[in-house]
Amino acid sequence: MSVGVALVLASIVITTIGAIWVAAIPGEAKTQRHCIVVGAALVSAAMVWYLLYLGLGSGTYPAFRVGIASLSLDLTLDPLGLTYGILASTLWVFASIYSVGYMEHDTKQRQYFTFFLVSAGITLGIAFSGNLFTFYLFYELLTFATYPLVVHSGTKDALEAGRKYIRYSLVGASFILAAIVMLWTLTGGVLDFSSIPAALATASSGQLRILFFLFLIGFGVKAAIMPLHGWLPSAMVAPTPVSALLHAVAVVNAGVFGVLRTVYSVFGVDLVKSLSVRPILLVLCSVTIILGSLIALKQDVLKRRLAYSTISQLAYILLGAFILHPLALAGAMLHMIFHSTLKIVLFFAAGIVAEETGYLKVSELGGTGRILPVTMGSFGIISLGMIGMLPLSGFWSKYYLMRGSLAADAWILLVVLLLSGLLNALYFIPITVSAFTGTSDLKPRRKTKALLFMLVPTVIIAAFGVIFGLYPGLTLPLVDAVVAQFFSL
Amino acid sequence: MGEFWSRILQNYPYVFALALFAIGIYTILTHSNLFKKVIGINIMEGSIYILFIAAGNVRGGVAPILDMTDTTLTYVHPLPQALMLTGIVVSVSVTALSLALIMKLYRFYGTVDAKEIMRIRTEVRANGARIS
Amino acid sequence: MALAFRDNLAVLVVVALLSTAYIMPLLTKIRRFRVAEYFAVAMLGLALSGGIYLAREILLHGTFTYAVGGWPAPWGIELSLDAVSGFFLITIGVVATPIMLYASVDLIKEVGSRSRAAWFLTLFLLLVAALCGLAVTGDLFNIYVMVEVATIASCAIVAARNDATSVEATFKYLMLATIGSGFVLLGIGFLFVLTGNLNMNFIAQELSMSWQKYPTALWVCLSFFMVGFGVKSALFPLHVWLPDAHSTAIAPSSAMLSSLAIKGYIIALLKVFYVAVGAKIITRLPITDILTLLGMVAIIAGALFALAQDELKRRLAFSTISQVGYIFLGIGLGNIHGLTGTFMHILSHATTKALLFLAAGAMIKHTGKSRISEMAGVGAAMPVTVGAFAVGSLSMIGIPLFSGFVSKWQLLLGSLANGNYLAVLVLVGGSLLAAAYLLPVLRMAFFERPLQKPVVANVSYVQLAALLFLVVVIISVGVVPDGVLQLASEAATALLGLEVLP
Amino acid sequence: MANKVAIVLLVCIGMVVLLAISELPLYGSPDTPAQNYVAERYIQGALDDTGALNMVAAIVIDYRAYDTLIETTVLFTAIIAVFLVLKKGTEGKGEQK
């Protein structure tokens, strides 16, 4: 077993061990629990970074395999998986620090942190799965591990949202299972990402189209493609770190990642092109982008507005994936990274506002910038990035997406992207403006330790957003590796 | 067609057995008196004895007890008879248990009629009480 | 020496359990009744190890037979030890031991008195012995007698609660089960008329030469078996006795009936269909299509009925009907994957449903709430028990890493191999419905806010150990199913007569 | 209503069963499959094998003694079951001693 394999396994196992440890600690020992949570997330993230360093350096990636019921549990690294793994594990560290502050007064911390850590391991499992079965396994587990986080508050709304989440996810998962079974018969038992496209070559295009749409519907649920997005806005009743991490990064990106895997690893670019399903997919994404933004515009509850914004932005990534052009894929990968880092800041800021002032609605936010300058300042800068303003990271991903659309002769998508950018501006800028110009009778409060725990990760990630905007080349090695993996240039 | 009926006629014990079997099941399923259900069970089991014993019969055969003095005898098949001894014991056991259950039910409900029991039970359940 | 031990072990497992059962009524006078209970547990554990040893021998050296009393096959009774027997023996041991362990904690309180407890133990052991007998026997009439022991014993352990509803349920169960036995015996009679044999291998030999002469008679005879065993194992339209019987009995009884008793009859059906008549003949008669169809109807209908129940144990009882549908679907598919799936589902449903019923029993007993809508906050009061229930639920739904997935996956492959896409749909739909009727229980127990503060329930450590044992079995079968899966597929191969074992 | 359905069902089944019966080997004929090597061995060998003149007895207590053991177990089971059902008093309330 090489170092790489050991690290892949260890990065998943360490969070699980951490979770068990957290679950075993009795209720009072808060500090100890916080240390374990942050520590486990940190160690796991460090391992993934080291894996990135190993993989990019040598160009070879470790693989781990263990058989289970004529199927095999298969963990491998590839650039696509690494991108998602790096993203999730890094943001997890910050989200755990934020959680420490946010959950300060919560009574069910043990339950919360246990499932929070378990989800981290499962997300890495999704990222590193080397075949569809392993992918399905972790994907399904993610649903169950995140359910307790969604219903954490135990209110009627939360339970209703949880029920909706579970229903959507299970129906989606059964579509995926049906697709896997169909794939199994078409390929004669081949589920490895590396060898599926070759094994699929003999299938008829009718079968392949059915297969493709089974996968698309299945993953589309978590990727919140309209009209499968219903669960996401209601899941916003979860605690803010959960909304920020899971419903803006880990879970939804798992869906997106699943779609990327379907398009690029299961079918392969050439096969998808030959199926001539691209127009439908592009229309679907465009509709989601525009409709998502329009609905976001009408939301008054801040987290719901962010949720619809997420739906819209996820469709950007899928759009980039479906254009089937190297530049567009690069755009999609960049957008996956940048959107996650930006959106998590917005959620964090919304959480801080809610905790410190109790305000949840956009219409109430007037004047909050006065008492929470750093928070709302980060919110303002990052929302500019979300719109796609130049010195911020969001610009670069949209730029690549536009170049990709042009290169693929789909100029109409340019209109969609620009229109959506405009809508983004319409629903983001007023928030910042009213926060700093509006008046309110709020008194500035003493800075607590909890606020500090929430503020520090917010600012750090916001700084990343700016740095990536100034030096977009930092992410290029990874993005290049992904593009090179799927397009022979 | 003629051959069909002649075979049926020749196989008359099987027809009787299955007819009795049907009567037994009909009795169990349709009569609401619990004792009649038990009688139905016994009719049903009895029909199977007929079937087995008929299966072992040979025309002109005698009971399967070895007669050392006469070597020309044909004996009927002894196995089904042995099996049916076992079958009888089983049906006795089942009958005993069902009668015991009926006694118990009578103690609880004061009746041996299935419909009546059902009525009492739904009534009691509607009142939210427990039967004891 | 080793061989002699192995051969005798086949009958020894049954006889040892029977003897233990015989002496149980004498143990009422013992000062510490616990001793009697642990003796029973120990004997079951011994039976389990015997089963594992036999299964290992069968895998290593192939099938073997044992002539009871020294009379060879067509005249005496022959026990035939193949992978099917090995598999079912292990299933029985793995499930019955923890159930007994769980029951031992407060049996006297549950059934009323010391002597009643002793009789309950007797009947429990008799039931297990009869199931073991079914697993090893190679003789049709012996199957019937074993089935009768199992039927009477399982009726009696339903009546052990001894209140009006459970006695009534027992009577209903006894009547229908006896009709079932009647059909089975009728079927045996027909096979005897057609072949003049009771040994299943000899019947298969005779039938392979002569079955074309009486196709209708054979079909009717197999239908008798199907109806007979179908009633006893609660195949969907014949299930009417099950919900009452399983929901009114005490927890160990429900667990035992739902997980093992039903499976015994299914094993018997498998033996009659595939050993006595043979796969070649079965697949040419319309009987397998009927089984597949009934299986699919059972999966959906059972799950829908389960959804409508609010009482936890009734919901689990209807879930059993749905899961039995899976097993029959696999039998009907009649290919290697389908039958492997059937065997795996026999094991996984046995362990899972036993776990669910035992956990539900503890939940109901310690909180006094039997309805799902009242169960808010139970999870906080007894986290380990409800956690075990959660594991059972996930396995029942068919989530990977739990044993339920392994069996459902095999069944999926089996349906695909037959090109039966409707079955694929039904299998996936059944899993979704299982999620729909089991997950709300967990939501209620763990996440719903209780109206009043629930009492902290102290489930005894012995019962928790029993639950955790089943949890470990479910997860280990789910994660490393290689051994049992090999045994199951070997059993399927043996039934299909595909190849001679090494 | 239920009665009528039951009757119709039984009649339908009856027709099929009649068809099956017509296919069965003829009753009482000496060359049915049932009168085969099994019967022959019992009839001719019972005395030598077991020393019993009554072949039924030979089968019940020797050739198929295992069945008889289980048969007595059925009886035993039923007796214990009857005990369990009929034992009075203490219903679910624990022992009152």
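When the chains are written out, they are named A, B, C and D in that same order, and each has its own residue count from 1.
As a convention for this text, a contact is a pair of C-beta atoms (placed from the backbone, for glycine too) under 8 Å apart; a residue touches a chain by one contact, two chains touch by 3 or more.
Quick caveat: nothing in here was measured; it's all calculated off a predicted structure.
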Requested in this report: If you tally contacting C-beta pairs, which comes out ahead, B-D or B-C? Let me know.
Outcome: B-D
**Report entry** Chain closest to the middle, measuring from C-alpha centroids that were averaged per chain
**Finding:** C
Query raised in the report: Counting in whole Å, what is the centre-to-centre distance of subunit B and subunit C, each centre being its mean C-alpha position?
Result: 27
Requested in this report: With chain centres taken as the means of their Cα atoms, state the distance from subunit B to subunit D in Å.
Outcome: 10
**Report entry** Distance between the centres, which are taken as Cα means, of subunit D and subunit C, whole angstrom
**Finding:** 23
Requested in this report: Provide the C-alpha centroid distance between subunit A and subunit D, rounded to the nearest whole angstrom.
Outcome: 67
Query raised in the report: For subunit D, what residues touch not just one other chain but two or more?
Result: 17, 21, 23-24, 32, 34-35, 38-39, 42, 64, 67, 71, 74, 77-78, 81, 85, 91
**Report entry** Contacts with 2+ other chains: residues of subunit A
**Finding:** none
Report summary line: Within subunit C, the set of residues that touch 2 or more other chains is 141, 145, 148, 152, 155-156, 159, 162-163, 167, 170, 192-193
Query raised in the report: Each pair of chains that touch: what are they?
Result: A-C, B-C, B-D, C-D
Query raised in the report: Which of the residues in subunit A come into contact with subunit C in the complex?
Result: 67-71, 133, 136-137, 140-141, 144, 148, 151, 154-155, 158-159, 162-163, 166, 170-171, 174, 177-178, 181, 184-185
Requested in this report: Would you tell me which residues of subunit D are touching subunit B in their complex?
Outcome: 2-3, 6-7, 10, 13-14, 17-18, 21-24, 26-30, 32, 34-35, 38-39, 42-43, 46-47, 53-56, 58-60, 64, 67-68, 71-72, 74-75, 77-79, 81-82, 85-86, 91
Query raised in the report: So in the complex, which bits of subunit B are touching subunit D?
Result: 4, 7-8, 10-15, 18-19, 22, 25-26, 29-30, 54-59, 64-66, 68, 74-75, 77-83, 85-86, 89-90, 92-94, 96-97, 100-101, 103-104, 132
Query - Interface residues, subunit C side, partner subunit D - complex - result: 11, 18, 22, 25, 68-69, 71, 74-77, 108-110, 112-116, 119-120, 122-123, 126, 129-130, 133, 139, 141-142, 145-146, 148-149, 152-153, 155-156, 159-163, 167, 170, 190, 192-197, 206, 210, 213-217, 219-221
**Report entry** Of all residues in subunit C, those that touch subunit A in their complex
**Finding:** 394, 399-401, 405-406, 409-410, 412-413, 416, 424-425, 428-429, 431-432, 435, 439, 443, 446-449, 479-482, 485
